[in-house]
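Naming follows writing order (A, B, C, D, E and F), and every chain is counted from residue 1.
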Amino acid sequence: VSRAELVRWLNDFLRLDTYAGADLSMNGLQIEGTEVIRRVAASVDTSVKTLQHAADSGADLLLVHHGLFWGRPLPVTGPHRDRLRVALMADLNLYAAHLPLDAHPEVGNNAMIARALSLQDVQPFGRVDGHVIGLAGELPFEQSLQDFADRVQKLTGEICLVHGGGTPTVRRLGVTSGKGADRIAEAAALGLDTLLTGEPEHVHFNDAFEYGVNVVYAGHYETEVFGVRALAARIEEEFGLPWQFLHHPTGL
Amino acid sequence: VSRAELVRWLNDFLRLDTYAGADLSMNGLQIEGTEVIRRVAASVDTSVKTLQHAADSGADLLLVHHGLFWGRPLPVTGPHRDRLRVALMADLNLYAAHLPLDAHPEVGNNAMIARALSLQDVQPFGRVDGHVIGLAGELPFEQSLQDFADRVQKLTGEICLVHGGGTPTVRRLGVTSGKGADRIAEAAALGLDTLLTGEPEHVHFNDAFEYGVNVVYAGHYETEVFGVRALAARIEEEFGLPWQFLHHPTGL
Amino acid sequence: VSRAELVRWLNDFLRLDTYAGADLSMNGLQIEGTEVIRRVAASVDTSVKTLQHAADSGADLLLVHHGLFWGRPLPVTGPHRDRLRVALMADLNLYAAHLPLDAHPEVGNNAMIARALSLQDVQPFGRVDGHVIGLAGELPFEQSLQDFADRVQKLTGEICLVHGGGTPTVRRLGVTSGKGADRIAEAAALGLDTLLTGEPEHVHFNDAFEYGVNVVYAGHYETEVFGVRALAARIEEEFGLPWQFLHHPTGL
Amino acid sequence: VSRAELVRWLNDFLRLDTYAGADLSMNGLQIEGTEVIRRVAASVDTSVKTLQHAADSGADLLLVHHGLFWGRPLPVTGPHRDRLRVALMADLNLYAAHLPLDAHPEVGNNAMIARALSLQDVQPFGRVDGHVIGLAGELPFEQSLQDFADRVQKLTGEICLVHGGGTPTVRRLGVTSGKGADRIAEAAALGLDTLLTGEPEHVHFNDAFEYGVNVVYAGHYETEVFGVRALAARIEEEFGLPWQFLHHPTGL
Amino acid sequence: VSRAELVRWLNDFLRLDTYAGADLSMNGLQIEGTEVIRRVAASVDTSVKTLQHAADSGADLLLVHHGLFWGRPLPVTGPHRDRLRVALMADLNLYAAHLPLDAHPEVGNNAMIARALSLQDVQPFGRVDGHVIGLAGELPFEQSLQDFADRVQKLTGEICLVHGGGTPTVRRLGVTSGKGADRIAEAAALGLDTLLTGEPEHVHFNDAFEYGVNVVYAGHYETEVFGVRALAARIEEEFGLPWQFLHHPTGL
Amino acid sequence: VSRAELVRWLNDFLRLDTYAGADLSMNGLQIEGTEVIRRVAASVDTSVKTLQHAADSGADLLLVHHGLFWGRPLPVTGPHRDRLRVALMADLNLYAAHLPLDAHPEVGNNAMIARALSLQDVQPFGRVDGHVIGLAGELPFEQSLQDFADRVQKLTGEICLVHGGGTPTVRRLGVTSGKGADRIAEAAALGLDTLLTGEPEHVHFNDAFEYGVNVVYAGHYETEVFGVRALAARIEEEFGLPWQFLHHPTGL
């Protein structure tokens, strides 16, 4: 498929226009490479390593959740220069989707996790920069906090950090991928007993205990592998392009 | 000592006037309690638990690194109400010092760590909101990254997370307490081989490896116990007040 | 009634969601007290005196037009500390409604005054921070400026200050409670002959005479007793709670 | 004297360069009239009336405390057009000095009042937009609040509004001309027992009583006649120009 | 016609309300003159000369594209004073319409040019401060860039500057009057081969060649004579007022 | 010389630290190329053409006045991608100096022009974003405006555009390279009879005539060739590196 057509389809499918202004992550095509896309790679982050890996794997486009830009211009020096050089040398396209890929109802990180946990009666939850990106709902059956954490661990393959500030059993759950510890108050206000998110923060440590909400931290990286994989699969479905997930975990 | 006199001395000793505007943490007296201070408690964070602990221990003033306010007014509801209620019921004074206690040349978190590691030829390092709060310098002898991490672990009592992006041995070190992963680029520009800081962040994971700098993460909490303890000891020296450190680790 | 239910009803009745961002007065529950509300007090302003008066009168919730916060965090010291202490000691709830209570079509300060003066063909008037909070309309009969001022005086019980910049008789009137002298130009543009507002300001003295509009200043306090009283009465109607108005005039 | 020379002298004498950016009142020459200045008029405010009065009195330059502009461009319509028309028809120059004339050590409103009250050990007091414009000091002898208010009344010729929130006698006094009720907290922090200012504000009514500070409100207009008169006298001294004060009180 | 009625009609016809906030040019009546309008003058710019010319020609209202104010208050000195003085002396009204007169579908600069060039399938093009003010479309027949430039020259009477960065023939054209060189990227993204605009800018010189778009610069002044003339003609149609165009070209 | 050393020397020589924040042009190394610099190219602007020309000429570093960034991050697509690709492929370093190279006392555009015209008693003139970048002074002898324009034409090799708003002869001159038409008012206030600058702007056309100042427009490009050439020569002097000026005029 031509790059122009694929980019148009992605911009439309992810509804990038509704995120203009709100999201500093410059969603969309960040590096322009070959004009025809035959093979796709997907990765959570952008680094010299992931770009090189994508190029080595023969991909024409790398799809990422975290791109290169966060609101400020960067001189083309140091690691930023290395990243651009790898991509431009290999004529690799880079497409980034941040909040649009957290919040997407079909392939979004939170929609994927909610579906994997069979969450019911889901409603929007988790406001970030004027957009609600997460979901809240009911587990199909009540289970102990420990059993729930084990289930999450099976889903991600990594051990969770658990702050048991709430009830011993889990029933009403909020899900926000990535860095969501600042939404504990919002979870309490909604009457949720448990919040599942990615990365812990010292500054929000007491919130779990003072607001009386359980928090299960499953990892920033681990909660954000879902979106790019689902999006790549959706591209395959639409355009028949083969794809590959490049696993570069951070342990964070 | 009278509260008025102690607060005046603290404001002066910590040079709060030089942080006006730059620091949203509202440095200084945050809750007004009894007029006479006979006993001091010190803690890294402010929570219902630390305030209750301070009140129960008979302290008239709780000295903290992280206070109640971060730039926005808070309704007196939920945990914030519980915190204020505990302090006001017990007539407890709360005094907070954030950046001034990171950066202080005598009792600051970074000065204390640099001294414990016998750092030499120290220079300012680590810009935050227009203030340079950390230090950089030379270790008295070169040692392997693993040996250096073990030494840090002995200092804090907690295991470190090590990202070995730089040289196998440590010689030129930067120290920034708390959340300092965003200063890896600054460390590289200064030619440091290793950065010692507190809390890791997913978004800066690749920096260690792409800038070629070792990063030793010793914990946000663990790197910030030094300042409040040293400041309380300094108050004892000046005014003869007994004091106690309230240990409420977060593991983060 | 439970606090949660009453607060939900108030937020909804006053349509607080439409004022988010525009109003710095932190509309809504500002201090959390007892969970069950059995008795309500209403007051224009919040002060140590009004809070103590409310507590002494056995109220569980104090309803005010001017609350504690105006966009900036306050250290819990001095009078602010005294206010919080009185409320927290008495487990008193404090609920504030500023612009929403000026502008409310049923119980708003301006709607109440307009009704008391039998204003006809009313239309929105008086823009403040993006919200139109006042009303303009026709008096049922023309009367002299002096007679009109006497009628206002009967309504509020206080002498008015009159700046007769316009026609000798009053027919088309604008009403904006509180501090509304900055809306004289708007009144002139709408073709009103008279503006009724609360507090005069030196900086707008010449406007009455240069724009040719009569201005009747009936007092900031006196023009804002209507809303909280009407709202408390509305609560009684809805939930059967007894209430009391706490009269603490300022003479301004 | 030529307008150019007089304006240069005024800009320099009032140190306008130190107020750039901080003061929205566009200090300096606001309307350009005749090139030679033979006669000066002085007034607190700018209005159609004061401009016409100045022109009728044969003045070539009107000196005011409150000019035409406050940070925003104004269409040349309504009263603003009338003001410009009067001045331009009469070739009248208009020179405005706001904060520089509150704060001036020799001819400033506050320096003049402090001198009239024989204030001793004066220090800066009263921060406005980054500039300290008022003064604090000791009265030469303690007197009752009532006696002090009578003395102020003799100075201005108008009755004062007194809010007796502090001690019954006056000794340590702060002076800020104009609208200074928002500086009651600053007065309390400095240990002043009494604040003398101009215009009361409903929103600061409780401050006097809760901070325990007496406030004497002598009128916005009445506390600001001193500066323009003293400046005009100073011009006469320097350049030998006759001058006249145009008294247009507002009662506010 | 009365000024009030004509201004109301103009504000409505030009839909000024939709430009509030976005346009710093203070659209609408900028100087208030006589109350009855009998004769209209139209000019692209406002200067001492155009105002004097309008007054001398017996006009009661001068209609301009570029008015007096651009977001900041101006002291009434120098040329700004001269402009106001000429208008106020002659009781001349000044009405300005900037973006509303670029973008108007009937009398706008761009609509007029598009019609003169018989542009077909027109769509909005050329975003300025949140408003799309220009048009893009197809020429009825393909022609060489030189022939197209000649045609534009016939329309304006002035020689064009041509930067031939695109295809040798012109078919898909974008039109933005005035200073539109910063929209070359937008033209390329829309697939236009040629952009017709007014004033060149050094900073955008390379854009034509690097984006591969032809740019025909027909002059800032020359591309903006259309709107004020068409609007004046429309006023004549509506109110029967005679009018005259005041030609003061700048060559830019 | 090593890139690190040369960049350090340039940053220091041009005093980049004093322009931090004020200048959005990201002064300094914008693209990192080879580590050793053997040959330098200099150009006014950065374009695909100038970068390719520099690479083809064997330069290791291209020195420019206008770089790639102006305050906002750019996606690596279209011409921006082409520019980065050319430079990164060729391992070319790009160093930009905007305001620092207008204002430099030795090699700055304005200092060079002032010296070429033998300007005497020079003083700072021409404020841009908080920095004064130009110069004003006396010509050694009075000459007619036409003769002066001819002399400027000889200096730049291009015909000047002359707006004769001032006196027929030139004596007191202001010089601001680039886009300086917005400084005509400043020139008048300083008593200059003539302003020499680069690029005309329609919006400032009337200023020359209404402020009574002659303006000689010598071209944005033509007035900014001096700085980069002088800086390259200075580098040759310091480090013995050969250099070449790449002439890519814009005619603007």
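Just so it is clear, contacts are C-beta pairs under 8 Å (C-beta built on N, C-alpha and C of every residue); 3 or more make two chains touch, one makes a residue touch a chain.
Since this is a predicted model, take the numbers as computed values, not measurements.
Student: Would you kindly count the fewest steps from subunit C to subunit F, each step being a jump to a chain that touches the current one?
Tutor: Minimum number of steps from subunit C to subunit F: 3.
Student: Name whichever of A-F, E-F or B-C reuses the C-D interface, so over half of the contact pairs are the same residue numbers.
Tutor: Equivalent contacts to C-D are found in E-F.
Student: Taking each chain's centre as the mean of its C-alpha atoms, which one ends up farthest from the centre of subunit D?
Tutor: A
Student: Can you check how far apart subunit A and subunit B are, centre to centre, with Cα atoms defining each centre and the answer in Å?
Tutor: Between these chains, centre-to-centre, one finds 32 Å.
Student: Suppose each chain is reduced to the average of its Cα coordinates; what separation in Å results between subunit A and subunit E?
Tutor: Each chain reduced to its C-alpha mean, subunit A and subunit E end up 47 Å apart.
Student: Between subunit B and subunit E, what is the gap in Å from one C-alpha centre to the other?
Tutor: About 60 Å separates the centre of subunit B from that of subunit E.
Student: Where does subunit A touch two or more other chains at once, residue-wise?
Tutor: Where subunit A meets two or more other chains at a single residue, that happens at 78.
Student: Would you identify the shape of the chain contact graph, picking one of line, ring, star, complete or other?
Tutor: Basically the chains close up into a ring.
Student: Which chains make up the ring, in order, starting at subunit A and heading to subunit F first?
Tutor: Cycle of chains, anchored at subunit A and oriented toward subunit F: A, F, E, D, C, B.
Student: Would you tell me which residues of subunit C are touching subunit B in their complex?
Tutor: It comes out as residues 26, 28-32, 68-69, 71-78, 81, 84-85, 87-89, 94.
Student: So in the complex, which bits of subunit D are touching subunit C?
Tutor: Residues 45, 47-49, 66, 78-79, 82, 178-179, 185, 188, 198-203, 205-207, 209-211, 220-221, 250, 252 of subunit D touch subunit C in their complex.
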